[in-house]
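Take a look at the structure set out below.
A, B and C are the chain letters, set down in written order, and residue numbers restart from 1 in every chain.
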């Protein structure tokens, strides 16, 4: 087993964990977004609540969800540890003029990640924890009683500072993805002249479209726009 | 003392084979009982240290740079010759031998040169096995090119960075032995003396360049692989750190210095831009394949390349094409260099006055800018970067610069100097290039010496003396040598004069370049001797070296090296004075044909000059090693 | 030209360093950056002030010894080595900050000189092919596709200057290490020890205390020889394949 520990304690192995968890979280984002977009449906939250209920009770989804939490934690803790270790590698004396030859987002993944982590805590406290352990009211659709998460969301998405925070954090997510998406492939060694353009295009598109789509939801709900 | 070249008997082609058989061998179990010191980690040093480590000897290797990979072999651009005849164009060991002897203007030993040509083929095999990425054809086999006017394509290359790739190959072999514990590497450590006891080299004294600590190292044999001394001219294409100190210290301890005046001057270098100039940059001479060399017919001081474009053809003098209609711009290095100097001396130099044009206008018109870019793009970029001028829009300016020194420590066929147990390899020795070196032969010689000659010849010496014939560093001779080194360091730091080390170095360089450079005459050489003697006296009373002895002190390092360069400079002048013939890179104005071409005096000078140190400020004694040519006929070079 | 130089001065590894400002009034645009310091050093010597220590050797961009961090960039504003940087890249009156490479694996020796022997130790860990001198096959017995040979060459062109480490916000040596791993992973000669080499070199790199790569690609942007980050991806692949499928190896000390 020593080799396994060696692998994941090596500088390359640490990065693999970041890449693998990162890619999983990217997939999660896509799924999460698909669900969230239902908030904009003009049905007083019906489809969203049914979807949320399904996600909250399907055993497979629940299993994946637990994994998701673990990955978020792993990604965050590992990221913080990496950042600390990397800071140390610079040595006791830093530069008077730090190097700026790379993309801003690439150099500031730690800060962006921390922002996202703070957002996640708030986000989970107000939505996930409320849905699972809180005392939200319920709604009955086609004879089935489900938690009315929609109202909770709609409440917060009418609070100005909350919407602003949400939008700012989605910007951070966008920058985080701008670097993270292609970076994960590079770390896994998936860098090839033939496929790099595809990875880069998908990555950059994802980094722009997904956070914007996420951010649009609170903005539209705040403005009362639905479809 | 009589010079013994130890050239084996027998037909040329069998000498090395027979000699290898006759050399004594060291029992494999006994090899670990022998210590060998290797100074310098360029092609010769790294390959020797690695090969000796592989054989089982305990090797200590030293370099003054921060890593063995920095040695100046790394800067060689063109390529490495080998008589592989992969191109089926008629090459052979004999042809490479012949070209090298002829190129050296018949001032090298036949036997050495033949051996060099013979092992050249093994070098390529060795380097490829190490993973050196030589250029290849589409079929996957090795590519060759013709280089330096050779009639066959025998040059192997790795883009314009052949020296780098070969050195990194040797460095990797060295690293492997360091990892195996067979080589102990001392970075940033400079050799400052050789210790000789009972007439044999027993070790060296070094200075740790970071702590300033003076240390003694003993061994059964010492290999000097410390490169050439082109920096005696201050400005040369050598690295700033390249120096003669190790060789010069050995010379003072009894190693004869061979043909010190033989220096090679490369015609296509970027001209000096001002007094701040610290070194010169060479551009591959392949540029002369398409570039035309010219100056204005009438002196036009300060002519710039933009204005030159407007000068009508009738007012230009394409002097190489005019004087050498059959070879034109492709005349050998020394001829091209000398002619450039001549037109500049006439006042027709361009730019600063010390430059001639190398014009690609016709080539660009003929082949298009893209073709020229594909051929020479990296060189043009280099030129643009250094000069700030666009060579596609106007002619380049070039001027000759010191590039290589064929002279060096005199060695016998076994590469041993006149001090038993002390060897010299690569550019540090004088052996294989005679009075002029062919393009792409320096890399070949460095690696031949290190990989394929010394591993055999050193065994003979070691087996002869036996492993218990070793002197420890507790011997008084080591103490004495250490005291000497310490004393010299202290002396340099205590002069506290008014001139910087570089000021002395520039003065020396100026005198050498002016009087012992591309063309030499008795009057100038005598003048130079006086200048150098005065400079030496002034140096030891007026140099200013700041800082301490027990720390990284780059001025102190330089001071020690320049002090040695000054002494070497005088010997070079002596040698040039003595050799009143013109041969190879050495052009004595007194010895030329009516057309102004170099003229050898074979009846008087068919020998290698080996100089013996006789004490401080004493005239050195000349020994002559007669050169016997049994296989080639001596002819005068002609490029008309 | 006149310039103001802010130069890091530090007596030795254990001393504390600080910036010192010099007014330099005799600068020609044709000087290389190193020549500019040469001239300053001569002036300092005449004034009785110890000259600035800095590493340099070939001054033609190939030995990899020069190593100045100029205005926030290793080797300054151009993608070359410092010795090939000329003062015409700066403007009259400009203030130029010169620092040594900063990395815990590259301790400062004096002023602008740092200790890069960590790089040597990484190469010693596996940056070679185990062949003795002699006894090797004829060079043309091993055909290598031109494209592969060219790509291996591109990696092999690394000069080991350490600009990648200096530029990287994590002081990571991945570009340097991956260049050698790539060269041998591509060439047929390197296949025999391919896995072991990747493992050993990475282990030594970590032991020296370099940081992890976070794919900012500052190294590629600053590398004077244009070494590509595709090499890093290749090394990642090589390393993971090796770790998942080879035998255990031992690491050697040094650094950290």
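Convention: a contact is a pair of C-beta atoms (placed from the backbone, for glycine too) under 8 Å apart; a residue touches a chain by one contact, two chains touch by 3 or more.
No experiment lies behind these values; they were computed from the predicted model shown.
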{"item": "Most extensive contact between chains (C-beta pair count)", "value": "B-C"}
{"item": "Chain at maximum distance from chain C, centres defined as averaged CA atoms", "value": "A"}
{"item": "CA centroid of chain B to CA centroid of chain C, Å", "value": "27"}
{"item": "Intercentroid distance (Cα basis), chain B paired with chain A, Å", "value": "63"}
{"item": "Chain A and chain C: spacing of chain centres that average the CA atoms, whole Å", "value": "37"}
{"item": "Per-residue overlap in chain B, given as positions that touch at least 2 other chains", "value": "none"}
{"item": "Chain B partner contacts - residues on chain C that touch it in the complex", "value": "11-12, 28-32, 34-36, 38-39, 42, 45-46, 48-51, 53, 55-60, 62-65, 78, 80, 84, 86, 88, 109-110, 113, 115-117, 119-120, 123-125, 127-134, 136-140, 142-146, 149-150, 152-153, 156-157, 159-160, 183-184, 187, 189-190"}
{"item": "Complex contacts: residues of chain B adjacent to chain C", "value": "47, 50-51, 54, 65-72, 74-75, 84, 86, 122, 124-142, 158-159, 161, 163-165, 168, 171-173, 175-176, 178-179, 185, 187, 210, 237, 239-241, 273-274, 276-279, 281-282, 385-388, 451-452, 455, 498, 500, 502-503, 544, 546-547, 551-552, 554-555"}
{"item": "Residues of chain C touching chain A in the complex", "value": "6, 17, 19, 69, 71-74, 97, 99, 102-108, 166-172, 174, 202-203, 205-206, 209-218, 221-222, 229-230, 232-240, 243-244, 248"}
{"item": "Complex contact set, residues of chain A against chain C", "value": "2-3, 6-7, 10-16, 82, 85-103, 106-107, 109, 179, 182-183, 186-193"}
